[in-house]
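A short write-up of the structure that comes next.
We just call them A, B and C in the order they show up, numbering each chain from 1.
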Amino acid sequence: MNRLLGCSILLMVFGSGTAFAEEVSQEMFVANNTWMLVAAFLVFLMHLGFASLEAGMTRQKNTVNILFKNTAIMAIGLLTYAAVGFNLMYPGDFSIGEIFGFAGFGIGTDPTGVTSAYNVGYTYWTDFIFQAMFAATCATIVSGAVAERIKLSSFLIFTTIFVAFAYPVIGSWKWGAGWLETQGFHDFAGSTIVHAVGGWAALAGVLLLGPRIGKYTRGKINTIPGHSMPLATIGVFLLWLGWFGFNGGSVLSADPGMVSYVFVTTALAAAAGIMGAMIVSWNVQKKPDLGMVLNGALAGLVGITAGADTVTIMSAIVIGFIAGLLVVASVLAFDRLKIDDPVGAISVHLVCGIWGTLAVGIFSVNPEHTFLTQLIGTAAMGAAGFISALAIFGAIKATIGLRVSKEEEIEGLDNGEHGMDAYPEVILNPVPEPAS
Amino acid sequence: MNRLLGCSILLMVFGSGTAFAEEVSQEMFVANNTWMLVAAFLVFLMHLGFASLEAGMTRQKNTVNILFKNTAIMAIGLLTYAAVGFNLMYPGDFSIGEIFGFAGFGIGTDPTGVTSAYNVGYTYWTDFIFQAMFAATCATIVSGAVAERIKLSSFLIFTTIFVAFAYPVIGSWKWGAGWLETQGFHDFAGSTIVHAVGGWAALAGVLLLGPRIGKYTRGKINTIPGHSMPLATIGVFLLWLGWFGFNGGSVLSADPGMVSYVFVTTALAAAAGIMGAMIVSWNVQKKPDLGMVLNGALAGLVGITAGADTVTIMSAIVIGFIAGLLVVASVLAFDRLKIDDPVGAISVHLVCGIWGTLAVGIFSVNPEHTFLTQLIGTAAMGAAGFISALAIFGAIKATIGLRVSKEEEIEGLDNGEHGMDAYPEVILNPVPEPAS
Amino acid sequence: MNRLLGCSILLMVFGSGTAFAEEVSQEMFVANNTWMLVAAFLVFLMHLGFASLEAGMTRQKNTVNILFKNTAIMAIGLLTYAAVGFNLMYPGDFSIGEIFGFAGFGIGTDPTGVTSAYNVGYTYWTDFIFQAMFAATCATIVSGAVAERIKLSSFLIFTTIFVAFAYPVIGSWKWGAGWLETQGFHDFAGSTIVHAVGGWAALAGVLLLGPRIGKYTRGKINTIPGHSMPLATIGVFLLWLGWFGFNGGSVLSADPGMVSYVFVTTALAAAAGIMGAMIVSWNVQKKPDLGMVLNGALAGLVGITAGADTVTIMSAIVIGFIAGLLVVASVLAFDRLKIDDPVGAISVHLVCGIWGTLAVGIFSVNPEHTFLTQLIGTAAMGAAGFISALAIFGAIKATIGLRVSKEEEIEGLDNGEHGMDAYPEVILNPVPEPAS
């Protein structure tokens, strides 16, 4: 890593496929870095998006718990990423093959902390904060799927270990220049690395936890509606907004052609995801379901995340549209399998994350992106994510337990875990618990 | 359109009135383009603002429907703008006088899509995404006015046709270098092109739909309060935020003097709109009405949109203040005329859009901006917007119908159109339906 | 102030401690200015954050009033800052020692308003709008502490005078190059200038108002829970987001090393504040309180605001963590003292503002920052803020009165001051008023 001394210009080679020269002026560096910081705060806002979406899609009695978890994840994610995650994900050198490396504890070396640039796109600190915002995202995906029944302490322990160790090591295989990077696996902004890995962890949690009380009774699938659709909608729009930073920032510079192109593929895939989900939902469920359409937007966004930089506009629309179809089918299918995911996180992030990753192998304009490599990449990372999450959740289940008591679950986690109500002045009309 | 090859600099002539030279460096181009992308995501966020405001200002039983419409508009707006709208609005050459042109279906030519710069301010893709976000806004304005009684399918059909054809063709008269541009009409960021045109379409819809059941009974105007003032307030603040991109991005570069000046006129006009509405509301209604003050902020913003770049600071404050007075008077006047607009969209966007456009003729520091030209522009575009909306809505009314059944309207569109509740656990205390 | 003529480059000396040369190119200027405008709109969004947080943390019957106040503050803050505040805070020359100066009424000189650059970081207009957004923040801090019992007109009068005169004069002592700047006092983004000064004003208001009816009865401290934890959580996340502009913009340029470093210290201090508050709350209150954790995030943010540019990463974490401990202790302590602050604003902004300012004297890597100077600065500004607020609130109390009637307080200020309900369709389950 080169570092800027005084006012000299930067001298690093920029990544492939751009119009940039091998050197950038200080002005270009400032513009690049500023965009990356904007992208970082947009990804930050995704955490409010997740908190709102998850709270809106679940029952009122568990709202405080969800808001608490998502606030705590932010703190845990940032602090563990500073302590070990960043240096596990970007180890510089690998110590075990190309699968594990660690550059040491903590971040930064300069005593004042104001280190200079270290590549053409951003400073060391920008690199850290952008990646740290991503890391916390991965754990948040899990939060929604295991909501309404997981013990707070158990979830926080899982999050700490998964974000600190599992996510960065898996991510290093690609973004840390590990073996999947060597293999030519392409995952632009993390359809697999962030979303499918988070989705696999969510699936592991759900399998070990089991469904919520009353969800599947006497062979029937009971709908448990979320308590606030405005909150859910706010969440989805904020997530979409954040995605402009998530994908747009993954260009790793303010490269005008590429960043703007990624904005367009991202937006159109989300739009197509809405259309896909709307059409299926209107036909299958007879009336168009807002929850499905919101998940359709997210499905399109997750789907385009792997290939936003390398597919045509029309392909982006097709990828998003198929993701919108997939998410509705998947939500219905998981319910048949009695895999209870209150917010549809597994359908959105796992199913569409895999789809988006494989779609690169189908639609990419770059002939080096092959379906097989994409399949290997998403399978390897998925297996690692699933197994590590299963191990962590399994160890917690075997020791302090994963699930709250039946009484607490029925009463609500807000009272059980926090002794608070989300809306103390609103008289509840609780959805009746079906006989189990 | 010139295109950047390699590292060469851009060679296009920039618009009038700026400090920029005829050539910009690659660094300047990156800075410009980055700002335009920021502006695009701010305008995107306005859609969440509209969704929140409209949902908050209407009844609980229609909340899901409003959220659904605003989510669907986003998808329809982006996809139709990519399919035809962008090339209708920026046709390059006109085929019928200076009033109609079409550059062909779809967007982009480069197979990878990563086209280079095509002017000093932004890339082709930035141009598209910024303008696409605007396009969807125009339809969203209609959504609030026709809320609580329009059939979902009918509204979605209207939106598709209006955003795909009417808005871009009308917009091309000015922003596509058509006849109103030739005439010297000035509408900086769209007081008329976006807001008044949207407002005229809203008026057409309301006239064909008629008022909500129970709104005007036995000669009385019954207040139908919105169900959530926090949601409405969140909406207005997000709209204001988005306006920094809406107006700030309409500079079409990051030109520091002009963008920052536009920020100041925009913010002060909004502030003055609040003051104007607060003063009238406090005096006329005796107690200061939060809804009026929120609409005052929006009124100031709509009012300054045509001239944010060309009036003095003091004029911006006066324009905003008058808009704040106008919006309160207008809301009360439309109620007298039994024109039922649940969120005050016609008052905000149509009345203040016309006011802002004419205000350029009064307050502009540029002597070429005349009142007459401004009047011609807003009248011509208004007539086109109103007539086309009337035709589209009329055709829909004559075929599949515009309005839900009386039973559905009383029960709420959430159940009727979507089979869902926005807040399933909240026991409703419905505003009694006045006898009709 | 130098002004850019044509395409010439800027020639001003930039502030200390940066890698910038004494001249910046036009490209650098554009990049700097763009970042400052982004920072300005992020600080704008903090006002929605405050509105949401305060509304969420108080009772439903006072929600409209809080939303109204926060909307009006925005308008009053911007307009008074344009009229006098900006020129009081940045007087150029002082007329009374280094403690008072005034550069005249109004802003701007150029008739078209499109003035050129006046330093390397931003234009005159960017300077104004960024600082204006800060000014309004100071008054908003007061709003939460005096909520649920202050008369609307009294509060608006206080805000007008405090933001127009007290805040800018006090601020000029440091940011206007007054006597505390001369003394070497360091307050990077305003732990004292904005937060502690606002907190002292809040304390003055609370002391003159007294506690809410039913808060302290028969020697007991009664919990009065806020009505919507989702609203409060949205508020805190938006405030955190805004803080990236509040602190990041206080670099006064897009200096990549410094802005990105400030992002990291800011984010990690907030994360550590969450951890600190969570640990205390979980131990002391037995169950982890969401309100405390949210205030912990804000505590960390306020705490790092004075030194975000001048402490190490580890120090930032320690400062934030201690702020998180302090805020919980402080909330409990103020309740013992019967100082009733519905949202904990005094604990967050005053206590942690002082802590953050003193922490610079402890942790700064710059040996010129001494504890004594920091103590003098925060004491002098605090005294001035407290005394001026006491005088303004005192004069209002002696004339038109500060507090609503007992009947109005019990019924709620929404009905009393506005004749509206925040949620007209929700049947209230009011928290019983304890016998007094």
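The definition used in the following text is that a residue touches a chain if its C-beta (ideal position, glycine included) is under 8 Å from a C-beta of that chain, and two chains touch if they have at least 3 such contacts.
The shown structure was predicted, so the numbers you read here are calculated from the model rather than taken from an experiment.
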{"item": "Copies subunit C and subunit A - interface residue numbers shared by over half, same or different", "value": "different"}
{"item": "Superposing rotation of subunit B relative to subunit C, computed on C-alpha atoms, to nearest 5°", "value": "120"}
{"item": "Between subunit C and subunit A, distance of the C-alpha-averaged centres to the nearest whole Å", "value": "32"}
{"item": "Per-residue overlap in subunit C, given as positions that touch at least 2 other chains", "value": "25, 27, 31, 34, 38, 228, 234, 426-427"}
{"item": "Subunit C residues touching subunit B - in the complex, by the definition given at the top", "value": "4, 6-7, 25-27, 29-31, 33-34, 37-38, 40-41, 44-45, 47-48, 51-52, 55, 63-64, 67-68, 70-72, 74-79, 82, 106-108, 111-117, 122-126, 128-129, 132, 152, 228, 231, 234, 417-427"}
{"item": "Parts of subunit B lying in touch with subunit C, wherever the complex brings them together", "value": "17, 19-21, 25, 27-28, 31-32, 34-35, 38, 42, 59-60, 225-230, 233-234, 236-238, 240-241, 244, 248, 254-261, 263-265, 267-268, 270-272, 274-275, 278, 285-291, 293-294, 297, 309-314, 317, 365, 426-431"}
